[in-house]
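Written out below as structure tokens is the structure these notes cover.
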Amino acid sequence: MENILQAEKQLEIRFSEIDMMQVVWHGAYPLYLEDAREAFGEKYGLSYRRYINEMIFAPIVEMKIDYKRPISYGMKPVVKITYCPCDAAKIIFDYEIADPASGQLFCKARTVQVFMDRNYNLLWDSPDFYTDWKKAMSLI
Amino acid sequence: MENILQAEKQLEIRFSEIDMMQVVWHGAYPLYLEDAREAFGEKYGLSYRRYINEMIFAPIVEMKIDYKRPISYGMKPVVKITYCPCDAAKIIFDYEIADPASGQLFCKARTVQVFMDRNYNLLWDSPDFYTDWKKAMSLI
Amino acid sequence: MENILQAEKQLEIRFSEIDMMQVVWHGAYPLYLEDAREAFGEKYGLSYRRYINEMIFAPIVEMKIDYKRPISYGMKPVVKITYCPCDAAKIIFDYEIADPASGQLFCKARTVQVFMDRNYNLLWDSPDFYTDWKKAMSLI
Amino acid sequence: MENILQAEKQLEIRFSEIDMMQVVWHGAYPLYLEDAREAFGEKYGLSYRRYINEMIFAPIVEMKIDYKRPISYGMKPVVKITYCPCDAAKIIFDYEIADPASGQLFCKARTVQVFMDRNYNLLWDSPDFYTDWKKAMSLI
């Protein structure tokens, strides 16, 4: 049975993220997803710092965001990030932004990352440090 | 036969949009899509200003971005936006960001917008000003 | 003797705030100052929400930032905000961003806000809710 | 008599730069100043690309912005950047954002940049490429 890796992060809605319609600007959500990946990385030892040390990039090649309800200033939503295991040399995350008090769902999202070396060449196989991490997480 | 509505906009890559990996940060692309919608609105008379005057919001409810190649500082990519006709009370746009000189494709994207009134209630039917615009564009 | 009002906020440096020079982009600091004002407002009951309820704006009319040392990704700086009492209908804050562990100073800043009504007319006198707040804080 | 170096840039106000108060967020102005420096660099051959090639950073160490009037969505302001000659190893620019049609002034600003090598060590003397540029511009 597979190990489910999840992390959560309380978002802080900044005044500057609110747009003319008095709700969070749709283009601010990638920041929240980034915050979630940071929280995941810290919890499970897979931070940007690690990639940098390994001279590996993990750029996002796909991002899909479904906006379910607007987020207003003063709300305290939580982003939950879930690791989606896959065999390919990719990192896939699913995200949900919701209000833990009311259970209201604001957003669902998915990102896909691949691996590149310093010269922006795609790596077809997962780099060793990532394979080692998957083993340590009992994912393979 | 359907009228194809398209607009283009020369992007200016800002220094601040470049990230630690020396390429445009993935979260900056929503700005480029927004620039494209602005260019479309100006060309075809469907600007944010219009929505505001009509007391209508057209929030983005779906955004999907496929990053094909990284964009570096100094590049001069062009975003092309194409209106995707649909019968529902939605506005759907497809986008391509490419280098006109080399023909290199950097990004494909799609956004879906719906209509809401000032109280954030979803409008199930297109507002009149939008239906009038579709008629004027020979879309219906 | 005057009451000194101060608040602190641990900053989280986002990947996207790092620029091509591998340090926090200078244009990201206004966000940190905003975070500090939020923290101050929460601590002392002077939040944006309050202004909005009172139909008052408090736009920034001056911002001065002195960058002393670059902030790198992974650092954990703290922003300290200090209220600067003044008799005029203004809100003045001083800021320091520093590393509490090493004592290194990254940045000093100041912002000045004035009061405006909904029609962007400058208010020459402090609004009542602000005067009441100053009294409650033993500032006058 | 001194040669006055100036450049101008028509700003495009983005929807996302507008805040809850329906005017441009104060934190967006550093982007406009950056746009102005880009325009200056292109006009006079002093681009970021040049610094990068020379392995030199020119970080901003001071930024002072005076906000005179709010900028609204739909306005077409122009930023004018003026080079301020100085003997020290610094680059100083003054900025004005105004509406060319009405002459209304929205903002005045100043930035100060210094020179650093790749290891973030301050350079007390101007790098050769900058001194050469000043000569070519008849500034020294």
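The chains carry the letters A, B, C and D, assigned in the order they are written, with residues numbered from 1 in each.
One rule holds for everything that comes next: a contact is a pair of C-beta atoms (placed from the backbone, for glycine too) under 8 Å apart; a residue touches a chain by one contact, two chains touch by 3 or more.
Keep in mind that what you see is a predicted model, and the values were worked out from it rather than measured.
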- [ ] Over half of the contact pairs shared by residue number: find the pair among A-C, B-C or C-D that meets that against B-D.
- [x] A-C
- [ ] Could you compare the number of C-beta pairs in contact for A-B with that for A-D and name the larger?
- [x] A-B
- [ ] Tell me which chain's centre, taken as the mean of its C-alpha atoms, is farthest from subunit A.
- [x] D
Task: Where subunit A and subunit B are represented by their mean Cα positions, the distance between them in whole Å - done: 24
TODO: Give, as an integer number of Å, the spacing between the C-alpha centres of subunit D and subunit A.
DONE: 35
Task: Residue numbers of subunit B (touch at least two other chains) - done: 15-16, 20, 27, 30-31, 34, 48, 73
TODO: Provide the residue numbers of subunit C that touch subunit A in the complex, in ascending order.
DONE: 12, 14-16, 30-31, 34-35, 38, 48-49, 73-74
Open item on the list: Can you tell me which positions in subunit B touch subunit A when the two form their complex?
Closed with: 20-21, 23, 26-27, 30-31, 34, 48, 52, 57, 59-68, 70, 120
- [ ] Mind listing the subunit C positions that touch subunit B in their complex?
- [x] 15-16, 18-20, 22, 25, 27, 73
